[in-house]
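Think of it as A, B, C and D in the order they're written, each chain with its own count starting at 1.
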């Protein structure tokens, strides 16, 4: 019982202050109940309607996952690992099993690697589509809210056929995957990805070429290349600033070394280029899915892996939809890890929020803020 | 993928040449994973050297580990390089140890400004104080959190 | 000259955007009207559990592997069976995978909402009843010309 | 206390006001009775059933499935469910997942600010019992600990159809209940 509890402001306007130059600034708290904030709060100081100071206030979904993992064995932790970003569950799951396998020294069969990659890429598309729909509704474009959420169901259906669940798969386990491909999956996947690529062209016509969007996104929320690297940004945020960093190319894992795809970058670093990086990645993911169902090898999908975590250290990382997701895992011989540090893409991109918002107008906040694809649950863990 | 550790050996060599007394221990876990343990007083110099001379400009995260049996905290900076394209798969773990009863170390925000949030989290989850940090406050926990730092090993919360 | 060209291009782009939207007025409907139409969930979907009372030995492996402690083993006469609290189950079905006697099975039933919390406790007897068959099964079909829509499942 | 009481009894205005308030009370009881027995109740309940506007608050990850449910394929607007930013105009809180101690305070505040009648749907395991995170240090084990819950939807996360079923169940509950006992 140290300090007395701070009162929660009842109104959204917290205070008015007068700066040294005589200008009055106003402190607003945006969120957590606000259609433009998600489950976090941004404390924004505005001068007129120019943002002069931003302090993110996360932690509304902090669930103490790092402590929970220390108390559970490595199989029981898999559903917990997925929850921070259930729209991108399999990528986070992959980071976890990858670090476990690194300590255990288990080699995954090639068919298992391909199935993992397949689910990862479908997840990347689903996650980007969810991002796009929220981006649309932030900008007041209701069609762009409905269409991506509708087309996301194409891939949710596919994933449900493969794993048995809509979005929380718990599909990747140490040593391989849980189920094999269902019959007729390949034709359905090819059909749906081809249809989806056509839809992406329609998205371009209705939203990304639309002056209603481009005039609100071009030149807004600029994050320079040097700043993005220095702040430790990752994923589409980093690639939108012109750095061609992608773990799928830089440190190829699973089936990625055998697949042909490109890393998309945009040099400008504004909201528009970050949005276009997402669009390009969805196209590339469609290509990857078609390649996988074409050249998936036959063989076992899973190899027996022990349920204990031997003594050792691993830093396993994968490229999730929001950037690099990594585990710093320390095993001590039992079935539970001694320490599992969990660093996700959104958590790393949180440092970029003040950088992209400063100097913009308050009305541009949703455009700039949501373009870095910040998923508060993933950042809070 | 080659299995030799030439790059890692060269990095270790360079670090040992420049800081012969301060590099306490180096360990190559596997290819592209490297651990370097440094004395806490000198970590700022080593970090600045890594950033300026060796190209490690990209902070990946900061972990803190509680070794309560050995009565110490370990703070690990995971850093990588974006400037040097051949080294992008390499993650260097820069480690330092502090005694558990007086956890106070220097902050590295002046070297990599991206580590600000991670150091704040280590402060609230382990109670480690970072000297020179611009905003050492609570990040995720409630404002009136009155419990102990929750991620310490000796803390057990009642479960149902 | 340049501003005029820019304005003309903007006008064209906006018109294209509107036309793209209007074109979709003539597509087949996309929405699944839920209570009347049901999505044909395939076998293997991880819905609620089905317990085969004759196979279950009450060993308790399901309760051990459960990440949420949602399973309790309760006595029924001479034997012991799992009892599920669906206010906690995360439908990961590790219990089904780990069951050595294959006494647990996935079903396609997912709509098990309740008004009160204690109705969410499923006793072994309730778990052993197979789900009620519901008609009006629809699937999601992708047609390159007509777009994506819900169509009735074909009899095979 | 007693001195005040006698002074009030002697005051003719206060006596009149007291008498009037008794009459107003009796009248309002009569109005309630008429409303609850007659077809007026059906009309009011019908209006409430099909304008369930949820508050735009997302507590955790089940919001992904709430988003999918309000998207094109499941389209919650068929049931009159339209997520809205203003909490004074809304009737429904869908608690989408884990409630942390930090959020619980805000959630209760939002619930208190909403106008009557107000309904609560607990969506997902975490809103019912803490779910996967039941042994964590920073969460509340279930929404029923601080707000009254009308419908519980199990699942982690529930399918959008399960959420739609919960909304149909809530509409059924509204249809059957009395006008003045709701919320």
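FYI, contacts are C-beta pairs under 8 Å (C-beta built on N, C-alpha and C of every residue); 3 or more make two chains touch, one makes a residue touch a chain.
Since the model is a prediction, treat every value here as computed from it, not as a measurement.
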item: C-D or B-D, whichever has more C-beta pairs in contact; value: C-D
item: Inter-centroid spacing, subunit D versus subunit C (mean Cα positions, whole Å); value: 27
item: CA centroid of subunit B to CA centroid of subunit D, Å; value: 48
item: Distance between the centres, which are taken as Cα means, of subunit C and subunit A, whole angstrom; value: 24
item: Cα-centroid distance, subunit A relative to subunit D, in whole angstrom; value: 33
item: Sites on subunit C at which at least two other chains make contact; value: 30, 67, 90-91
item: Interface hub residues of subunit D, defined as touching at least two other chains; value: 72-73, 102, 105, 130, 132, 134-138, 156, 159
item: Multi-partner residues of subunit B (at least 2 other chains); value: 140-142, 150, 157
item: All touching chain pairs, where touch follows the definition stated at the start; value: A-B, A-C, A-D, B-D, C-D
item: Touch list for subunit B against partner subunit A, complex; value: 29-30, 32-33, 35, 57-61, 63, 65-66, 76, 78, 82-83, 88-89, 91, 93, 112-118, 125, 138-144, 146, 150-151, 157
item: Subunit C to subunit D touching residues, read off their complex; value: 30-35, 38-39, 67-69, 85-91, 110-117, 120
item: Sites on subunit B touched by subunit D in the complex; value: 140-142, 147, 150, 157, 159-160
item: Residue ranges of subunit D in contact with subunit C within the complex; value: 72-75, 78, 125, 128-132, 134, 142, 144, 149-156, 158-159, 161-162, 164-166, 168-169, 173
item: Complex contacts: residues of subunit A adjacent to subunit B; value: 1-6, 58-59, 62, 64, 66-67, 102, 229-233, 243, 245, 247, 250-251, 313-315, 317, 324, 326, 328, 330, 338-339, 341, 343, 347-348, 350-351, 380
